[in-house]
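Down below are the structures I want you to see.
Heads up, the next two complexes both have chain A, just with different partners, chain B and then chain C.
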Partner chain A sequence: MYDIKKIYKATSVQDAIKHLVDDPNALIIAGGSDILIKIHKGKLAGCSLVSIHDIDELRGVSMQDNGDIKIGPLTSFSNLSKDHIIKRYIPVLGEAVDQVGGPQIRNIGTIGGNISNGVTSADSASTLFALNAMLEITGPNNSRIIPISEYYLGPGKVDLKNGEVLTAIIITKENYEDFTGHYIKYAMREAMDIATLGCCVTCKLNDQKDTIKDVHLAYGVAGPIPMRCPRAEKSIIGMKISDEMFNTLGKIALTEVKPRTSWRASKEFRLQLVEELCKRSLKEAIKKSGGVING
Partner chain B sequence: MAKVVLSCTVNSEPQQIIIDDRDSLADVLRDKLHLTSVKKGCEVGECGACTVLINDEAFDSCIYLAIWAEGKEIRTVEGLMDADGEISDIQQAFIDEAAVQCGFCTCGFIMSSMPILESDEEYTRDEIRKQIAGNFCRCTGYENIANAVEKVKEDRMNNKK
Partner chain C sequence: MSIGKSIKRVDAFEKVTGRAKYTNDYQINNAYVARILHSTIANGIVKSIDISEAVKLEGVVKVVTCFDVPDITFPTAGHPFSLDPKHMDIADRKLLNQRVRYYGDDVAAVVAKDEITAARAVNLIKVEYEEYEPILSIEDALKEGVKPIHDDYPDNILAHSSYEIGDYENAIKEEGLIAFEGEYETPTVKHCYIESAVSYAYEEKGRTVVVTSTQIPHIVRRVVGQALGIGWGKVRVIKPYIGGGFGGKQDVLYEPLNAYLSKIVGGRCVKLNIPREENFVSTRVRTAMKFKIKSYVRPDGRFVARKIELYGNKGAYASHGHSMVAKACNAFKQIYQDEIATKGDAYTIFTNMPTSGAMRAYGIPQITFAVESHVDEIAKALKLDPIEIRKLNMMKLGFVDNGIKCYCNGLEECIEKGKKYIDWDNKIIEYKNQTGPIRKGVGMAIFSYATGVYPISLETASCRIILNQDGSVQVQMGATEIGQGADTVFAQMVSEVLDIPIENVHMVSTQDTDITPYDSGAYASRQSYVSGMAAKKAALKLKEEIIAHANFMLKLPLGNIDLERNCIVNKKTGEVLCSLEEVAMHALYNKEKSVHIRADITNQCKSNSFSLGVCFVDIEVDIPLGKIKVNKVINVHDCGKVLNPELAAAQVHGGMSMSLGFALSEHLIFDKKTGRPLNNNLLDYKLPTVMDTPHLEAQFADTYDISGPFGNKALGEPPTIPVAPAIRNAILNATGVSFNTAPFTPQRLVEKFKENNL
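Up next is the complex of A and B:
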């Protein structure tokens, strides 16, 4: 039995918001694979919860009329990986979340929870940063849409004010159309592990498939929160695919990241991963776009 | 905290159980329904010993609140028994392949393998390993466990042809 002070099972978004407003100390529980563990370990013992687990309107993936893709934040990692729209238009996101934990965790864990607990190592986060995901946040009086980069306020802290619920993750058409991407999770084990470093690159090539038209580079665990490397991106836009281009990307990325030493890995090792993984991810992304590496 | 009534189906039988809304599903299955195949190992969703099927998907029942099981269909190893009380092919395969050592992880592994065995799709050895990667065997008998699952998968696919 969990040490929970009280738990309310919300039946709709509005119902959840109402109960969150009534009890400002209540936490939102979605899949529970972070919250329940923190309760078990005592960190959140005695907390009040509002469960959004049963709000089916927050599940699933849909294509909007304008071509944007809307992801319900309660969509589990496994359902996201299996989803036809994701497979067809944003396969990199399905591949990234297929590397979370193990099968049971991917069945219970939700993409909204993954970003809303604010940790830098979340496997979906770097990919959502690379995709310039927009987040719809619904509160008692209105709803607002913000870029994911503004959602993260600090480690473990996201921009959810009292009574607010993350209600949609939106990937706009211009951020997936003609882009291909690749995510690398560097971890000590192939399953049930947390990323030592995560790196997602999405790119768009020119018609000749030999020049980078656009590139997005994002990391997890390269700083206190997931991050992009805008200077590194800019430095290779318009460059021909070459060793020089890969090296430029890696070198400039190193100047933008701020990894630290933790029990999982040293800062020095993470820096080496930052430089190496962006090249490997970009190479794979280029190949998926039909580009050729080394000539 | 509050007492609530949970209505769900467990191993094909409809159940109405009075539970505490702080109970995990593992607590309810073990303590209220005495389904002790559901093992509590790590209790934080890392070892997979408490794996059960909820609407045919594998979940760690230790980190699944029982109140979420309302209206759902839950299956445990006890439910694999046939009408004559015989064990199922996958349980027999675990015996035949010596995939059981201390036995604590066995029921969890069997439930994790069910979505593979009940799927119409082919699975490679690597795909099988990936699907049972959320279960720990501290006796480290992984090869024999994968052998047992692979064997039953092959048999079931052949029987379908």
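Up next is the complex of A and C:
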């Protein structure tokens, strides 16, 4: 039994917005895999909810005319990783969300909920950061599009004003075309766990497949919110694939991250993972692009 | 014949179709729901409690506090009652406690109409404490001048026991001995049974009925009587199927409190289902232990003299008292024998931590971790093969200690099988002198484990068998099915003795203390041995009664007929004279001498046998990431005759899985200042998932234990003993780094590898 004061099941985006405006204290619930835990723990006990679960227009993945890929925020993790567009053009995203929790959680949890929960450990977040995802947010009067990096305001806080709903996640063509990516979720278990550190790297190689043409490096749990490491990225663009390149990436990434010590893991341990995982992720991403790694 | 065959579980169909009844299926209409308020300090006293807001909440039926409950302290251990006051379990807690002894102690309870109201009411209770400095470690508890946690134990030492075999001080003077010292530590871990501690309590005809998820129904009945100060016959305990116990339910948990709550609401049914978070902290945990071992060894690896100092962190209440620490300390002198002397000192220390009680293998996973780690250090230093040094010192056939005997010894066979599976000799060579970030290693560990609790405690078991008209039987055991397959094995035993088909043996799985004969319950890997003796004895008695009636029916002299293949046969020729069904019908309905054939016996067991075994592992260590991958793992057990190979293998798999967690990921973590639990949920407490579990290989030695009812000895708990030290020794083999504190979590691995410049 969950201590819920009331729940309204919205029938459309506009209907959801209306009810959110009417009850400013109400929270949006989608799959429920985060909200219900907070209710169970007492943090949100007695809350009011507006469910967007039944708004089917917010589900699914589609290819836009301009080649951008639009992901409905209510798309479940399992549907996302099975989606043929995702599989073909952005497999790294499907692979990343396939590491969330276990099969049951992946069936109910949604990608929009994953990022809107605002936590740094969300498995989709670092990959969406690496993909420079754009978010469409619809409110009572208008809708706006912002980069995902601006969505995160702080731990557990995202830029959703009263009455606003996340209505689309857009990956633009230039952020996936010719890129390959790899996500490593480092956790204490192989399933049913949250990331101690998450690391996603996407990269593009030159035609000879021996030089990094572009690279995006993103982390979860390396700071209070998901983050990119722009200096580390820049430092290896144009570099030949080599041990030196990997070491440079790792060393510079260390200067950009801000992990903290908690009882779950120490700062030092997370730093070790920051340095090691970006190299391993990049290696895998390069291999997927047809690049060759010596040694 | 069904002993030794992989008979399908007798409860398989019921369980997979959801028909098997568990405690929660015994809900009585309109049951009230109770919740407990736990203390938010680790040490102190409750000065006052304000329940005024809570009682105002609509739907709240009753709020009780530590100031309201009867002034009776009671014991909780799942031990048989002792008539000797010196051996009685310590009675040190009340239903609710004003003296708070750990973060999570029970200080008040709410009975309400539903779960949410109960939870809201608990949040509205205000408690004023007088707080004392929390005593969270063994070291702090032993400091001079600290305020005792229990007034009866002014130095916080619940008990100290010791032994010395031979003259230790003299033995170590031998010339040429090499001394080894080591300190080892095991964590606080939790059973993580899937079904939480749950009970229903209500009154019926002036008596208290408790339906509960327990391993020990008859003991729960006694303790509820003790705690409420009522006659034990006024209590009825019903134990349906249970979703795991692992020793956590070999303790009386919240049944007495729930019985009391029902009483104060006029005997209405009250449900008390302890949430997972509270199960972690406020039931029982495994005893965390610290060990100091010193060994004097000849250069050839022979142990001449060893001593151990062992400290167990008891936590807040006595529960099982000193018994598991004492048992662990005894194991030190059992698995290996020193040529001249062995010395042991064991201490059980009260602290302001969750109460530790029984958990699968009762102290032996802890001591085995310490001893087997230590032996590998000696082997490494002396450049001896870890197997050879063990063979030189390990238990031999006929060994006796404290009344426990090695009746059969398949340890060498176990080692040979494990060695072969893991390809030990080749891997030892292959894994020498590795470099690079990923390194491989092999490791192994052995153990011994007693079967039951004789002679320290009473070992008694009962069985009742009743013959039906169609020649089938009902078997009623005091022993409990807790998922391990006890019912199936008992059915096999009865089928074997009577020589009737297994499907004609109907197990009465539910224990009801109004009906079920006495047995102490499921613990100490005792049931297939101790209760098995009762099943065998009852079946033999029933067979005697059947043959006696057949003699009467067939008008034949004594001694000429037997019961075979479900029929009465001519003993000499095997000729079938009549079916068992005919005898059963005749027995009940004949007009000359009607008898309802049955056997109802109690058997006291006065033997105990060492069960033995080994684990071998082959692992891969990712040094920069601090990850261990178990490539291969095998347990080989000498459990005497294997009664049911598939069930036995399943038992081994479960034990190995628990030990993998103990080795790699499981430990309860507490705030170092306040004693507040930090990871008391299944997300943060890293119980391994199926994705973390490699193929678990289970094999058995081919032995027969003459003291067991069917040649069998302990197998319930032993599988969870040797895996953790085998992994520890494989890390040593792979990296040269010694880990003496379990679990070997990634962060600990990374830190230590860095320290060692790997």
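Methods note: the second predicted complex is superposed on the first by the 294 of 295 C-alpha atoms of A that agree within 3 Å, B and C clash if a C-alpha of one lies under 4 Å from a C-alpha of the other, contacts with A are read in each partner's own complex, and residues count from 1 in each chain.
Convention: contacts are C-beta pairs under 8 Å (C-beta built on N, C-alpha and C of every residue); 3 or more make two chains touch, one makes a residue touch a chain.
Keep in mind that what you see is a predicted model, and the values were worked out from it rather than measured.
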A:I7 touches, of chain B and chain C: first, second, both or neither? first
First (chain B), second (chain C), both or neither touched by A:M188: second
Partner chain(s) touched by A:E276 [first = chain B, second = chain C, both, neither]: second
Touching partner for A:R88 - first (chain B), second (chain C), both, neither: neither
Chain B versus chain C as contact partner of A:A265, first or second or both or neither: second
Contacts of A:R231 with chain B and chain C, given as first, second, both or neither: neither
Touching partner for A:S33 - first (chain B), second (chain C), both, neither: first
Touched partner set for A:G102, first chain B, second chain C, both or neither: both
First (chain B), second (chain C), both or neither touched by A:D54: first
Touching both chain C and chain B, counted on chain A across the two superposed complexes: 1-3, 102, 190-192
Touching residues (chain side chain C, partner chain A) in the complex: 114-116, 119-120, 123, 624-626, 665, 669, 671, 678-679, 682-684, 686, 688-692, 745-747, 750-751, 754
List of chain A residues in touch with chain B within their complex: 1-7, 9, 29, 32-33, 36-37, 40-41, 51, 53-54, 78, 101-105, 107-108, 190-192
For the chain A and chain C complex, residues of the former touching the latter: 1-3, 42, 45-46, 102, 186, 188-194, 196, 263-266, 268-269, 272-273, 276-277
Chain B to chain A touching residues, read off their complex: 1-2, 20-24, 27, 43-46, 48, 51, 57-60, 63-65, 67-68, 70, 112, 115, 130-135
